[in-house]
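Structure incoming, see below.
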Amino acid sequence: MVRVTRNYRFSASHRLHLANLSEEDNQRLFGKCANPHGHGHNYLLSVTVEGPIDSRTGLAVNTFELDGLVREHVIGKIDHTYLNRDVAGLNGIPATTENIASFVQSQLQAAWPGTFPALAHIRVQETKRNVIELAVIQREV
Amino acid sequence: MVRVTRNYRFSASHRLHLANLSEEDNQRLFGKCANPHGHGHNYLLSVTVEGPIDSRTGLAVNTFELDGLVREHVIGKIDHTYLNRDVAGLNGIPATTENIASFVQSQLQAAWPGTFPALAHIRVQETKRNVIELAVIQREV
Amino acid sequence: MVRVTRNYRFSASHRLHLANLSEEDNQRLFGKCANPHGHGHNYLLSVTVEGPIDSRTGLAVNTFELDGLVREHVIGKIDHTYLNRDVAGLNGIPATTENIASFVQSQLQAAWPGTFPALAHIRVQETKRNVIELAVIQREV
Amino acid sequence: MVRVTRNYRFSASHRLHLANLSEEDNQRLFGKCANPHGHGHNYLLSVTVEGPIDSRTGLAVNTFELDGLVREHVIGKIDHTYLNRDVAGLNGIPATTENIASFVQSQLQAAWPGTFPALAHIRVQETKRNVIELAVIQREV
Amino acid sequence: MVRVTRNYRFSASHRLHLANLSEEDNQRLFGKCANPHGHGHNYLLSVTVEGPIDSRTGLAVNTFELDGLVREHVIGKIDHTYLNRDVAGLNGIPATTENIASFVQSQLQAAWPGTFPALAHIRVQETKRNVIELAVIQREV
Amino acid sequence: MVRVTRNYRFSASHRLHLANLSEEDNQRLFGKCANPHGHGHNYLLSVTVEGPIDSRTGLAVNTFELDGLVREHVIGKIDHTYLNRDVAGLNGIPATTENIASFVQSQLQAAWPGTFPALAHIRVQETKRNVIELAVIQREV
C-alpha cells in the first residue's frame, strides 16, 4: 500500500465575518480577516489517495484521471473566485480554511469513482504559516 | 557598496477589469482575473536599498527603521484589503502587479528619509509564476 | 475532526558535546556540531492541534490564542538565544533537535488551556536536511 | 518516541512505457512520460526512522551512520542514472515513483542494522506536484 | 519601465560527454554527468521582458501571449525529452545548462513579435545549486 | 557572456554588539541580535561568475573547480563556527551579513585563479527575510 499525493494551486478571496457578532468579537475571532471588503490568498491543495501498486503498470492511481476529477469538482469551482459569494457549498458558512477543506472532501467523495483507490487525506495551505489537514475515513472495501 | 533586500508578505484581493471594454476583450487581456467578484493572492514584496557599509556598525541600513517605513507606508495600507476598493493609490486604475509595484515605489519615494541609503529596486511576486521588478532611479547624492 | 498546523521560525545557536566523552567520540556522534564555540540555525517549528470544526465560527482553534501561547512559552524563550546556556529546560542535556522538540512539548503541555483542542504533533526542522517529529499522546476527553 | 527524517536529493532519468501495450494505451497511462527517449527529474527522497531518544546523547539515531547507509544502498545506486537501464532492482518493471519508493524500501530493509531504530516511512517526491509515500511495517522488537 | 518575469518548469534528461576526450577528461569536466546512459532534472526556466506599463491596461506585457510563445517555441520542444537526441538545436553540442539557455534565447529571438516589449533576460535553474543567467542584448527601437 | 551561480549552505552563530555603545544603543541598532550569548542561522551563499561559453565543452566555468575553491577558502572557514570568535577575517568587526559578504569577496578575490572567468556577484541570505548582495568590480582582462 502506498500513498500518492498530488498538489494543486488556486487563488481566491474571502472574508471571515459573522453577521450576528459585534465588530469587536469578529476582530477577536478573525482579526484582519474580518476587514470589510475581503482579501485573498494563493492556496495550495494536496489530495492524497491510498492503495496498492498495480504490478503491471507500477501505478497506484492514474494521475491524469485524478487530476481531471479534482479540476472538475474542486479547482474549477473555486479558482479565481470570491469564495463567500461564488461557491455554493460555502454559502452561509464562514470561508475558513477548515470549511474549505471540508468542502473539498464533500466534493471529492460525491464524485469519487468506484475504480479509484481510497481517498485518504486532504490538506489546504492558506499561507506558509497556516495549514489545515483532514484525514478522510476510508471506504469499506 | 552593497545591496540589502528585505522581504515582506501581504495578502490581498483584486479584480482586473476595464469598464469600457467588452467582456471578450477583458477575458483576452486578463483571463480569469476578470471574474466578477475578484480573487486574491499571497504577495511577496522585496525592497532593496543600496549604499556603503558603515565601518563602525557593519550595516548598510538600519533594517528596523526600514521595516517600520515599509510597514507604515506600504504593508499597513494594502495587507488584508481588496486593492480595487481599499487602496486610494490604486483607485481608478487596474490593480495589476505592475501598478502595485509602481504604487509601492511612489509610497516609498514620498516617505524616504534623507538619512537612508538609496532606494534601488522593488519586486512584487504575485504567484510562483509571475513576478514584476522595477529599478528605482537613484537619488542624486 | 481536522488538524490545524501553525508554523513559527526562530534562530538560535547550540553546541553538541558531551564532557565525559573523548573528542574522537564527540566527533563520531556529533561531527562538526561538536566544534568548540557552537554554531546556529534558522529553525522551523510546526505545532499541530486536532479537534472538531466549530459549526458557528468555522474554526477548529483560535489561531491568535494559539500563536500567543506558543510565543509566550516557546518562541520567546528560545529565539535569538544560545540554547546551551540561555534555555533552562535544556540545561545539562545536549541541545539536539530531538531534545528541542521534547522541550517544546513539555512547555506546551504545561501551559495548554483546557478550552483548546488537543495538542497533536510537534515538528522541528533544523535544516532542509534534518527534521524531528513527535506525536503527542492526546489528552483524555 | 520521536521520528527523525533525513532528506536526500538525486537526479535521474526514466521512461514509462509497457511494451505489450499500444502507443495509445501507453499515452493514456503515462502521458508524456512515455516519450521514446526518456526524460528526467530532480528527486527528493525522505527517509524516516522512529525510536526513543537516547537520554545520554539526546539523539534518536546517529545521522552520520544513517546517511552512510542511505548513500551506499540507495543514492549511490540511482543518482545520475537512467533508472530503466542502470538500476538492477528496477529492471523489467516500470520506473514509476511508486516502484522507486518500493525499491528504496527493499534496499534499506535488506541492509538495516539491528542497532538502528525502526525504519518507519519513505517518501519520494518526483516534482512539486507529485509525491509518493510508503509507511514501512515496523520490525518486531 | 518594469521587468516582468514568468517562470516555467520542464523535465528533461541529458548526458554531458565529449566523444573526442578520454573518460578521465570527461570525468574531470563533467563528473557524474558523463555517466553512460544519462540522467535528468526538473528545470526551472525564467523569461524576463522589459518595457513600459500601458497606462490603460496596467500591463507591461500580455502574459497569455508570452506564455503561448514560450510554450510553442521552447517548452513544447524540450519538456519530457532526452535533450541530446530529441532537440535539434542541441544536436552535436553538449546539453549543458549554458547551452540550454542559449538555445532558449535563439528560439525566443527568432519568434519574438514586434508588438512585444524587449526580451531582457533568460535564467535556467538545473538544480537548487546550479543556475545559469543570460542578459539578452535588447533590440533597437 | 553568461552568468553561472552556485549556491552553498553553511550554519554559523554570531552576536551583533559594539562594546563602546550603551545597551540601549545596541538594542536600537541590532535588536535581539545583541543578545549576550549569540544565536545562529542557516546561511545561503550564492557565488556568481561571468564569462563566455567555451564552444567545445559548453561550459562557462568548471563548477567542480569553483566548488573546490569556495569550499577551501570560504565554507571550510565559516561553516559550523561562531563567526565572532572563529573567523580571523571577522575579528574586531561586527559579524553582520554585510561584513560576511565582504569577507567572502576578499577571500575569493585573493584566491581567484587567473584561468577562471570573472567573479561577478556575491549574495548572502541570512533568513528568508534578509539578503545582502554585492556586485564585484570585474577584473581587467
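Worth pointing out:
So that you can tell them apart, the chains are marked A, B, C, D, E and F in the order they are listed, and the count of residues begins at 1 in each.
The rule we apply is simple: a residue touches a chain if its C-beta (ideal position, glycine included) is under 8 Å from a C-beta of that chain, and two chains touch if they have at least 3 such contacts.
On a predicted model such as this, the values are computed, not experimentally measured, just so you know.
Annotation of chain C and chain D: jointly contacted by A, touch as defined at the top.
The minimal number of chain-to-chain contact steps leading from chain D to chain F is 2.
Comparing each option in A-B, B-E or C-F with C-D by residue number, the pair that reproduces over half of the contacts is B-E. Because chain C and chain F share one sequence, their contact can be compared position by position; here over half of the interface residue numbers appear on both sides. Inter-chain spacing, taken between the CA centroids of chain D and chain E, is 29 Å.
Residues of chain B in contact with two or more other chains: 128. Looking at which chains touch one another, you get A-B, A-C, A-D, B-E, B-F, C-D, C-F, D-E, E-F. In the complex of the two chains, the chain F residues touching chain C come out as 9, 11-14, 32-33, 35, 37-42, 79-82, 85-86, 127-128. The touching residues of chain B, counted against chain F in their complex, run 1-8, 48, 53, 55-60, 62-64. Note for the complex: chain B touches chain E at residues 16, 18, 28-29, 31, 93-96, 98-99, 101-102, 128-135.
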